[in-house]
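Got some structures for you, see below.
In what comes next, chain A is part of two complexes: it sits with chain B in the first one and with chain C in the second one.
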Partner chain A sequence: MKRFEYADEKISDKQILVAVPSFVIGIGILSLPQNIASVTTASDGWIPLLIGGVITVLITWSVAKLSASFPNQTFINYASTIVTRPIAIVLTLLFSILSTSITSLQVRQIADIAKHYLLKETPVEIISFTFLLLIIYAVAGSRIGLFRLNTMFLPFVLFVAVIVIVFNIQWFDPAFLLPTFETSFSGHIEGIKNSVLSYAGFTILWFYITIVKEPKKTPKMAAIGMCIPVVLYIFLYLTCILVFGNSVTSNLQYPTIELAKILEIPGGILERFESLFFVIWIMAIFNTTAMTFDIAVLALHSIFANTGKIKLIFIIGPIVYVTGMYPQDLVQVSIFGSFIGYSSVLYTVFVALLLFTIAKIRRVK
Partner chain B sequence: MKRFLSILSCFTLLLLTGCWDELPIDERGFVIGSALDMADKNTEGTYDITLTSQFVIAGNLSNPTQDGGEDQAAFKNISATGQSSFQLSREMLGLINLIPNYEHLKILIVSSDIAREPNLFSSVVDGFIRDHEMRRGIKVMVSEGDAKDVLNIQTETEPLPSRFIDKIMENSVKSLELIEPVRIGQLHRYLLDEDSYTLPLLTLSEDNVKYEGVAVFDGKSDHQVGTISGDDLKGFRLIKGNISNGMLLFHIDGQLMIYEMNAAKSSIKINADNPDNVKISISIDTEGAIAEMFGSRSLLDQAYMDKIEKQIAEKIEQIVTHTVEIAQQELEIDFFGFSNILREKHYDDWKKMKDDWDHGDKLFTQSTVDVSANAIVRTIGSSDKAKDKGME
Partner chain C sequence: MVKIRINSFFNRNRKKEPKDKNISQLVKNIDENLQNIKTLLDEPADLAIRKFTVRGSNHQCAIVYIDGLVDGLYVRNNIIENIQLETEKKQLPDNKQKLFDELNQEILSTTSLQIGYTLDDVSNGILNGSTVLYLDGIDKVFIIKTQGWDKRDIQEPVTESLIRGPRDGFVEDLRTNMVLMRRYIHDPNLRFKTYQIGRRSKKSLVVAYIDDVIHPDILKEVKRRIESIDTDDAPESGFIEQWIEDNYLSPFPQIMNTERPDKASAALMQGKVVIMLDGSPFVLIAPSTLGSAMQSPEDYYERWTIGTLLRVLRYLGAFIAIFLPSLYIALVSFHPGMIPTNLAFSIAASREGVPFTPLIEAFLMAVTMELLREAGARLPKTIGQTIGIVGGLVIGDAAVQAGIVSPIMVIVVALNAIASFALPAYSLAIAFRIILFGFIFLAGTFGLYGIIIGYIIVNIHIVNLKSIGVPYTTPFAPTFFKDWEDLIFRKPVPQLTKRPVYMETKDKQKVDKETR
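After this line comes the complex of A and B, so read on.
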């Protein structure tokens, strides 16, 4: 059996525009309104979401800019030119470890949610195992294939999100928006922190911009792509507030799923919309997880160039599974989740600053 | 090696069939209504609760017996007693051959015995809010007397009692003496915000059920403190505003007349500068038609019309003022949502007095409520008068 190979392993900058939101939109938004509502008053959460969004777009743009100034060079290559090869290897290895942990977290979380809402009797281990197998199948194929999947899935994901918002308009109560601007300063800071964590998706830029054919406009495309989840998240958050009110939103585990649950398409055509919502959202989560797994492989592959890709996948796969199954309960999963979230944001900022400063000092072009 | 791998992958398929959650639809018992009753109050402060679930028997629902044979009921009510509603729903497995499925649950009736017990109500409905199978659209109501009897009523028009009550709740919007259905999602918010609120109240008479009046709940101590009905409930609805249908009885020159409201809006302004004397002014605007009149005076007379409109406005003011008096003096509970308006529009003042609003110092009972109403009669119906000369 011969696998179909695409002509070249190159993508256009439009595909980066699609990849960024596909990567960011995933499990985070299902619980994000709760995180935001619990630290803000009434509908004030849009402020931290917006500020967090602007911060994220800026980071995205600068990472893309840095990466695009070394066209067609892999991360390890240009990092070596800037900070010498041993340090570059360490940086890449850390990226690989980070991506592996993100993958295991995703695999675990999707299994938890699927078990809670859909498959009550099926063990978490089995749900994650099947999901992981699917991810491995996707990653083992061509990388360009992943990007095409992104382009195919993203419209569905955005469409179902818009449906959730539009058909909930009948339940809107504008009184829930009041009082405005009463959140304390520390509440805003906490909110910004939560929102930045949920937007975090810069890791892919370090590695995927290197395969963009002409990366001139890529920073702009990445920034525009980053705006999509920011806008979507703000709207979904406001919908939650308008439908449930602040107090209920901050007490629901997955407010966004609850939104899908109360939705009834008029005329009784579809009374259980959440089943459709789940199908589509799992597609979104699949994209996110497949890309993180791919980056873990890609990063490792750039260090051990002689080892085959498939071999690396089968080394990382079991690690992902075991790490994902390690946390015992919901609290441990969320501790693991916030740890991963923090490290991914801080690490990206750290690497960006490091490379940028040293490149400036050593005048590397 | 290749062959080994392909055999291995075939065997993996066996593991991946996902048959854990398989449950054929004819083995599921769809519950469409639940009732909670107080069974026993134990001495150590715990309660025994009876959960009654109404299972649909789908076969009898779609094929009514036509040959005059005995009617098969389209539902089966199962009761179980214990301490938690979730435990009870599991206990039902031993009482019926079907696996209960609550995804289509439409109504939840709580008996007023439970509702009147302080700090119990939210605990018994918790399971219904928490369980992922339950939807947030379940309508919640209180029943005077045993809730499980409500699920047993016989009606000719609808084979399922739960659906009968569900429909009654939907239609209630047409009357001014009933409130819109309260869904469990809303109830969740009332409980979290500690707002005082109202729930529809069902009364059982003979084997028929009647929906008249509402049960008033105290948000803080979480129990039913009273009921209101009739004109007082009209006043409550008028304060809440947002009415699209309703009628009002009034007298003019000793003659009865009926005003049919097509729209009523209320606007509430609160002045909270002085917490010991919060000034609440309610202004109500209604529009409507004359639906029925006794007597024979022509309505096509501007002066008479003005008098009628004034009379209606006065009647509204009188009704609303009385409702407020009941709330302030009898129940001492703000169930109109004034506290929400304070929180939304006067957040700084609210923060200071939120513990003393309808508790503690009971600032609500000391507040001054001022009601003004304005009524417009748009049409008088298709005929001016039914009789030419009255018995003047």
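After this line comes the complex of A and C, so read on.
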């Protein structure tokens, strides 16, 4: 008789399939169409989005493959077998720092957007603080709870995204699609860079694959999961272009939310759909932030195994808050954001290459 | 815990081989024995002692029982009459021990009979409704099961009424409840495991399960938790629920209760455990999940379209029961732009002259609503109607006339209350009404942002909640798509071929596919 197992602290590879898009979909997509549209002409943005997507799926797959080849071993453990323990500790510590900064960025950005669209009067500090408390509550619970939250929230998020696309069909103007293929090569490169930055979600795989029960199919699942945001982003981008046109899109700060703004619900039971859209989107942002915070804690916990999880949470929490509140205005936040984005992608790719090469050279199995 | 185990261990030993003379051992002299039991119980008025001689010999014997706890007719026909009449036809042995055996083997025509050795056995037996038969010169007694007391007839359950479905409900008497279960399930694998709960009250508790369906780990865990109960009294199954639930801080009920044998037997069929406590018409169903708490037996009795629609309606009701007042507050005080223009005008007009903010207004109305509900539940039924009228007037008309609350708020709160009472599980409805207040405050301080924060908090809480080790949000997350066919939507009965996958039952198939 099988033990009563699924309630334990192990996840199935299907939950990785859900966790990857939950992690990727977040604040990034709200402004992504603007980033892409501003460097491409007309509707050409789908090309860099697709290429960037393929690159990301490949990275995701290989990171998952590498982690899955060390089943039930934590990152620090298999990194130690590949590149000695001191280096592994440094790598893990950097992951923790990186995750902490991503968390603080998210906490800050959500407050900025919430202030803009929902709570005009409430100070950013308060909004961030409540959100951070929420994150702390989530992370203080069980890790598997976070995965269940992914499963609970992702359907809502995808549903509201589909609604935004479908109900905007009436505003579509095919003329905005033309002229095609006129973007310069450097524009495409810039676009690919922007799209890869917004897809950056492979960090979680380094740490979460260790708690997958049977990680055989996990690389495939992670790759499929990664395809969900790629497809969704391309559709949302195209909807933006079809509705607003390239020039308007590249001047809107959050084109995706603006899409929700012009949407009309049949029957007129609700106006200003963008508020509702963003409220639902908070669930997506919550998932992303909770998982990054959890990884920061998890990474630190793997170094300082004797320190309790709750203690680590209360050490990282204030740091997140202070870092998040440090940028003075939106410009600084976006500088901070792009810095974090670059470093997270570059660092992941660097670690992946490093571990891959050395594992191959030293033939670590 | 350990202490109790050791004690019961000794008890068992003592019953088999009475070696320790000091533990209020019975003596051979009948008068001394009777005096001992009288002293122990302090000669209560309802203690009946009848001494007589075994006909055809000069042996003294006595029966002792508590008047009212035993079936008098049974005692007379099967004990006294036999000892006095049957004995005439027989040649009775003179040896006392032989007479005792003879009584045991041939004369007493009772169905259940034990032999007791100590004063403890005697007093437990008497207080249980057994009749104790002493024989002079023997330091053993017969403890004869003669329970028979007044009990409530089987009636339609008050708290869970159905339009279509069986009309019988559990009663306070444990034996009757077990009989009801037996009549619903004629499976030889239906098991009843009996425990004794309460150091003083010594109530019987029965754990029912179907042995070749239930997952052994769940059964083991339930048994372990029941054995860990250490209390002097358990007047209602609610005590048991609170002793064995996973998280006592949670507002959510992790163990369901029901008065309906059909619901209990359906739970058994799903690989769950039913816990019955003597003296309570509410039996417990464990483990139970959020999804199962939203179901009513009637979903299955009516055809699948109706069943499905009812469930959809119920989920909508749950949404209204939790969110409606807070959504109203958030929209009116933070996001008036989201309300369609015409509606916004009429809301604004109706709020004209209302002195409170929507938050205070909703809070006042919700508290009034709770007071009315509580008063209605406590009062005798005849006065209950008065409460209805007064409450209706106060909540509805007068408050609006006086300009204290706006008419729309009355609609919102009334709809909210109705929705919460449309849920099949009262304990869950109460949980929803508790969170409702939290949502009202969050909406009043942070608007829609507050509501979504609250929603996420509730979700974080329930994904970490378990019921006897089964995650509370199963089968939503962890996801079991196979179980979704009987979750919000219900497939037609012939297609419901599997027991819930999430219960990991031993016997997975409800319907044998090949014979269909």
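What we mean here is this: the second predicted complex is superposed on the first by the 358 of 365 C-alpha atoms of A that agree within 3 Å, B and C clash if a C-alpha of one lies under 4 Å from a C-alpha of the other, contacts with A are read in each partner's own complex, and residues count from 1 in each chain.
By our rule, contacts are C-beta pairs under 8 Å (C-beta built on N, C-alpha and C of every residue); 3 or more make two chains touch, one makes a residue touch a chain.
Only a predicted model underlies this, so the values are computations on that prediction, with no experimental measurement involved.
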| item | value |
| --- | --- |
| Which superposed partner A:Val279 touches (first chain B, second chain C, both, neither) | second |
| Partner chain in contact with A:Ile262 - chain B first, chain C second, else both or neither | first |
| Partner chain(s) touched by A:Glu182 [first = chain B, second = chain C, both, neither] | first |
| Partner, of chain C and chain B, that touches more residues belonging to chain A | C |
| Contacts of A:Gln73 with chain B and chain C, given as first, second, both or neither | neither |
| Which superposed partner A:Ser338 touches (first chain B, second chain C, both, neither) | neither |
| Which superposed partner A:Leu134 touches (first chain B, second chain C, both, neither) | second |
| Partner chain in contact with A:Asn251 - chain B first, chain C second, else both or neither | first |
| Contacts of A:Ser38 with chain B and chain C, given as first, second, both or neither | neither |
| Partner chain in contact with A:Leu119 - chain B first, chain C second, else both or neither | both |
| Contacts on chain A seen with chain B and repeated with chain C across the two complexes | 118-119, 122, 130, 272 |
| Of chain B, residues touching chain A in the complex | 15-16, 18, 20-21, 103, 132, 135-137, 185, 188-189, 192-193, 340, 343-345, 347 |
| Complex contacts: residues of chain A adjacent to chain B | 41-42, 116-123, 126, 130, 133, 175, 178-179, 182, 244-245, 247-248, 251, 258, 261-262, 264, 272 |
| Chain C-touching residues of chain A, taken from the complex the two chains share | 1-4, 6-7, 12, 14-15, 114, 118-119, 122, 127, 130-131, 134, 137-138, 141-142, 145, 147-153, 268-272, 275-276, 279-280, 282-283, 286 |
| Of chain C, residues touching chain A in the complex | 215-218, 334-335, 337-341, 446-449, 451-453, 456-457, 459-460, 463-464, 466, 469-471, 473, 476-479, 502, 504, 506 |
